[in-house]
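In order of appearance the chains are A, B, C and D, and numbering begins at 1 in each one.
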Amino acid sequence: MHIEGDFRVRAAASRVYAFFLDPVAFTDCLDDPHEFHAIDADHFEGTVTTGVAFIRGTFRVRGSYLAKTPTTAVRVRLQGAGLGSGVDADLELALSEAAGETALHWQGEVHLSGPVATLGERMVRGTVDKKAASLFENARRKIESG
Amino acid sequence: MAQPETVHGGIGQSILRKEDARFIRGKGNYVDDVDLPGMLFLDLVRSPYAHAKVTSIRKEKALAVPGVLAVITGADLAAAKLAWMPTLMSDTQMVLPTDEVMFQGQEVAGVVATDRYAAADGVAAVEVDYDPLPVIVDPFKALEPGAPVLRTDKGKKDNHIWHWEVGDKAATEKALKESAVVIKERFYIPRIHVSSIETCGCVAQVDAMGKLTVWMTTQAPHAIRTVFALVSGLPENQIRIISPDIGGGFGGKVPVYPGYVIAVVAALTTGQPVKWVEDRTGNLTSDSFARDYHIEAEMGATKDGKLTALRVKTLADHGYTDAAANPSKFPAGLFHIITGSYPFATAFVEVDAAYTNKPPGGIAYRCSFRVTEAAYTIERMVENMAHHLKMDPAEFRLKNFIPPEAFPFNSALGWTYDSGNYAGALKKAMAMIGYDDLRKEQAEKRRKGELMGIGISSFTEIVGAGPAKQFDILGIKMFDSAEVRIHPTGKVLARLGTKSQGQGHETTYAQILAEELGISSDNISIEEGDTDTAPYGLGTYASRSTPTSGAAAAMAARKIRAKAAKIAAQMLEVSPDDVEWKDHKFQVKGVPEKSKTMAEVAFAAYTTNPPEGQESGLEAVDYYNPPNLTFPFGSYICAVDIDKETGQVKVRRFVAVDDCGVIINPTIVDGQIHGGLTMGFAPAMMEEIPYDAEGNNRAGSFLEYLLPTAVETPKWETGKTTTPSPHHPFGAKGVGESATVGAPAAIVNAVLDALEPYGVTNIDIPLSAHKVWKAIHSKDAA
Amino acid sequence: MAIDAADTPRTPGPVTTRTIQVTVNGVTHSSTVQNRMLLVSYLRERLRLTGTHIGCDTAHCGACTVLVDGVPVKSCNLLAVQVDGRQVQTVEGLASGGKLHPIQEAFHEEHGLQCGYCTPGMMMTSVALLARNPNPTEDEIRRGISGNLCRCTGYVNIVKAVQHAAAKTQTSVPGGH
Amino acid sequence: MYPPNFEYYAPKTVQEAIGLLDQHQGEAKVLAGGQSLIGMMKLRLAQPAALIDINRIPDLAYIREEDSSLVIGALTRTAELGRSDLVRARYPLLADAAGEIADPTVRNWGTVGGNVSHGDPGNDLPACMMALGAEFRVEGPKGARAVPARQFYQDSFVTVLQPNEVLTQVRIPQAVPGAGGAYSKMERKVGDFATAAVAVQLGLGKSGSIDLAGIGLTNVGPTAIFASAASEFLTGKTGTDADLRRAGDLAADASRPFPDNRGPVEFKKEMVRVWTRRTAARALARARGGK
């Protein structure tokens, strides 16, 4: 499914860019219980316990930066495994700075596979975009306050 | 058939089933009921991805789960050269992956534990990393240049598996050109799944002597034993396959599935018995599918409605490997029965097969090899042609049928139909349903804007594979067998090479022997399914049991009769030439009061000195190689009402007239037809396994794979005509699948007949409310 | 045996087993089971009453139907601990003293079964249906058994069998016409 | 398909159950009929640390009229709803629905409380309770509160019910003369979730015009939906064909279906339109004294 959104933040594009290149800072914006660490400059991994209502599971997540264009664009892939299923996301972030503000547009495709897709979709659909939206809202607040 | 003196439980009698005694008491013995000391349980890790590289499988956490004893991966199997196995079509199939997974739900690892719950815990604890790869679910895209190649392991450069064609291409081309009327239609017959209520499973045990015994949900135990021997290298005499009671087969229990092999490996490695029973999701996502044919058909006719030629081009989606259960000479099965009940002068059929990221298969769904696809296509096309020519579909068929006097009939695509009376069956069906009144009612309703439709299907089946010259599976000829033994007290034990899955063989085979031996069927025991005791046979599928093993039973009985006649002559103190078999006993010609029953002869066979040059005892074996297939047929008429606003279809009446030659047990045949009709209705109206772009199976449980309940299932009305098979020992034909083959077209024809005002010429099955609604309302808009 | 091994709690810490008293086909059993043990596993693997079958895992097919306190339920969708102190009847409890229950006779006489796999669940549902409605119409029977799937019979002869059993258990003629 | 292990408690009182839920801080689930929950646990999509089985709590299964309400205990099996003479005689909407939930065998064990509190948009009773203007009695550590059904559902499987609360009773305004209701479910087969299903409850005033209308929708959105605009529109109308069509249009506008194997969004919205009109007509006929 497609997810998309944008926000404006009172910060230089370089700061926003740097924030999203730090996987720990970035993943720390997840509401659900999580633990992440960097493997190298382009790869990170960790776990997040997430779900909707009582349908919850711990997902092992592997992340990799597919593209980095200083201060203007970041592409990151997340591969999650849990509940015998796969949750994969390709996220594209586009940054543009104007008058001391940075506008960030984010969009991506989320692919569900396995039981979560075939048996649990009735439960999880509708929550994926909510979780993404809150992730970026948390990011905005952190960048602004930080 | 009527004998002046009938034998109890002979051919043609509706006796009650012997096997019921255990089933109604809950004492059936299905694979999951097998319980052995120290038995372990196997559960399977399955891939969530339809196509991915398996980058790592970590066992540690699973092995730490209490009760988990072992985790088996493709690497483990590769060490024993068992990571891959051959399919019935001589393609190759993964048991467990060493590199890539090719479809969602594919077996990725096996977990062996002391009970099912611990095994499930272990499955949840195995950590597998995947790198997703591009997914192909559309066979047309699979064949496009530049499409990712799935079977690089076979050194393939594209996803094309094979091309197969039959018929006269040029003559068909010419005939179509010269036809006054030519119609063309595309049909997609989607993936469906037999979903017998019992899923697949096995219990594998290796004894102290190193002998492997496998209790297994299989329709073909002997062939499985040979395949196991060839794949594992174990001597065939050290392998015993036992097919106990089977909870429905319908074709789904013909193939060898990875779970069976992993269970055997687990038993060999742990030294303990191992049980594997698949859950329903595993069953629906990884067991062999049926259908998945994309068909394009062209049909020609003269202006006055005489059919001239048929051309069919088909793309077959086989998933990631060709694991179809077909006779090896026929990669598209018996699809070339597609000229159906009509004497086409010429026809041409071609089929191409493609690999996709779906489970393997191409097995039957209660239908002999691809016959439903064929019958559906021809009966849909004939109906469309009748509508196109503004002729009544019944009249149109009566005008075009192969006439009774034309049998044996050689079809344009190379079959020799044994016997038939197609007009007889259709006329009977029309009388039963009151065809003319229904047409009147329909005209009324149309005036009022109500949607009512009447559909016909006059199908010809082709079953009983098959003659050795044409039919083999992995090289094994498709004969079948019977071994009949009469005990001194005149009681009978017979063993056959087939395997009942609900068809009632313990009753019907006993009836055949009762008729042939003059011994009450109560005194005849039937055994099947144990490869250590039963004679070799190819098993039960494709409606072949009665045409092959049933025939073998009759032939073996006749061998016994020939021997017994000499003993009877000795007892009656006459020359063998003066003895005849009449009224189920041996009589001195012209002196009926001087006679001996088979029981009397049997006793003598063991207690007196045998006639000169004859052995003691009274038994015989027959391996029957049928001279031809049998061609049952029927005419079905369906009447539907459609809710215009919602697209919901209600089958108001459905009349089925079947002709399967001489009937052994009318009640059992009726039951087979009821079930077959329901498995024709289901794919026509409800069942489908759709895949999304990610390759997710969208019908992985009975929540989405829609088996009809007693509420949706129409109230079937059945009738019969009897046209014996001229070549079968007692004139019988197969019948188990006729109704599944014939029913879908009747239902779809009825719906499209109702929608005629909207100019709709096709809706692909299943006819969901949404599809029917769309057909109505898109035309409204237009 | 595997099932005994399953009895001892494996996961350390929280108590995950329980001792239950269940009366099955008139015999009272006291058993210690894992909390998570499904009723169908308890019947099939602990008590070895294998006439109750598993067909779908998702409470659609009804092959696992048994009577709990006289009411048909799907035993693959119920925990053994839930029937603590209750009465359970399975297909093995239908016949009494070697005498078949009328529903068993009727399924046999009307050819209401083929492969036999759905039959026990189908019969248990039918028994309860007739207890509530001794003279059901065909449509009442079809609705009443719509929680049980059969792949072999097309339901025609199952409906006849239930009507036949209704006629057997009363002097009046069966309904449905 | 076997569930992971869990702790199991069978409290004898509601207070005890609440205490146990409170202790487990969101890691425990109430087990009523379990006809949805146990399936999800077998699929291992749900893995609660503990189950609190409320079936041993006495006096939670009843259907009766008291102080101008129909009250239904949370543990009442949905099959009992369909068998209750009181419900069949005076609450035809509920009688209709009781015959449509899952299948007859599942209804024998599934409960009214479980059906309304699970939060599954495919469950049939939530829309019925919205149409009827029902209230749910919810008990927690701080005592009991009453939540209108129309405000109970927040998102798929998400309700206002807190992890330490139990839904113990459904309270429905007592049927009055001139009231009538109906529930229609379009399903692909018995046991399926609705393609679209509609609950309509109408009350006629002295003049014979509609003075009370409630319309609820099943499985055409993330939760059951109260079609407020359609309900308000019918209030004060006489219930002409045009009125009912308009109500159907408004209900269709209120629906927010997801596409699935049952069909795409536009089809489902159209089915809401059709079935709202048809169901309202049936409800009206019943309100006017028909069957």
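Definition applied: contacts are C-beta pairs under 8 Å (C-beta built on N, C-alpha and C of every residue); 3 or more make two chains touch, one makes a residue touch a chain.
Because the structure is a prediction, the values reported are computed rather than measured.
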Which of B-D and C-D has more C-beta contact pairs: C-D
Centre-most chain, if every chain is reduced to its averaged C-alpha atoms: B
Where chain A and chain C are represented by their mean Cα positions, the distance between them in whole Å: 49
Whole-Å gap between the CA centroids of chain C and chain D: 29
Inter-chain centre distance, chain B versus chain D - centres from mean C-alpha coordinates, in Å: 44
Inter-chain centre distance, chain A versus chain D - centres from mean C-alpha coordinates, in Å: 36
Residue list for chain A, restricted to those that touch at least two other chains: 84, 115-116, 119
Two or more partner chains touched - positions in chain C: 10-11, 34, 36, 41, 57-58, 60, 143, 146-148
Multi-chain contact residues (two or more partners), chain D: 1-2, 4-5, 44, 103, 190-191
Listing of all chain pairs that touch each other, if any do: A-B, A-D, B-C, B-D, C-D
Parts of chain D lying in touch with chain A, wherever the complex brings them together: 29, 40, 43-48, 119-122, 155-158, 222, 258, 260
Chain C-facing residues of chain D, complex: 1-8, 10, 31, 34-35, 38-39, 41-42, 49-51, 53, 55, 79, 102-106, 108-109, 190-191
Of chain C, residues touching chain B in the complex: 1-3, 5-6, 10-11, 34, 36-37, 41, 44-45, 48-58, 60-61, 63, 90-92, 94-95, 100, 104, 107-109, 111, 113-120, 123, 138, 141-143, 145-159
In the complex, chain B residues that touch chain A: 45-50, 104, 123-124, 127-132, 281, 285, 692, 694-698, 700-701, 703-704
Residue ranges of chain A touching chain D (in the complex, touch as defined): 52-57, 83-84, 115-116, 119-123, 125-127
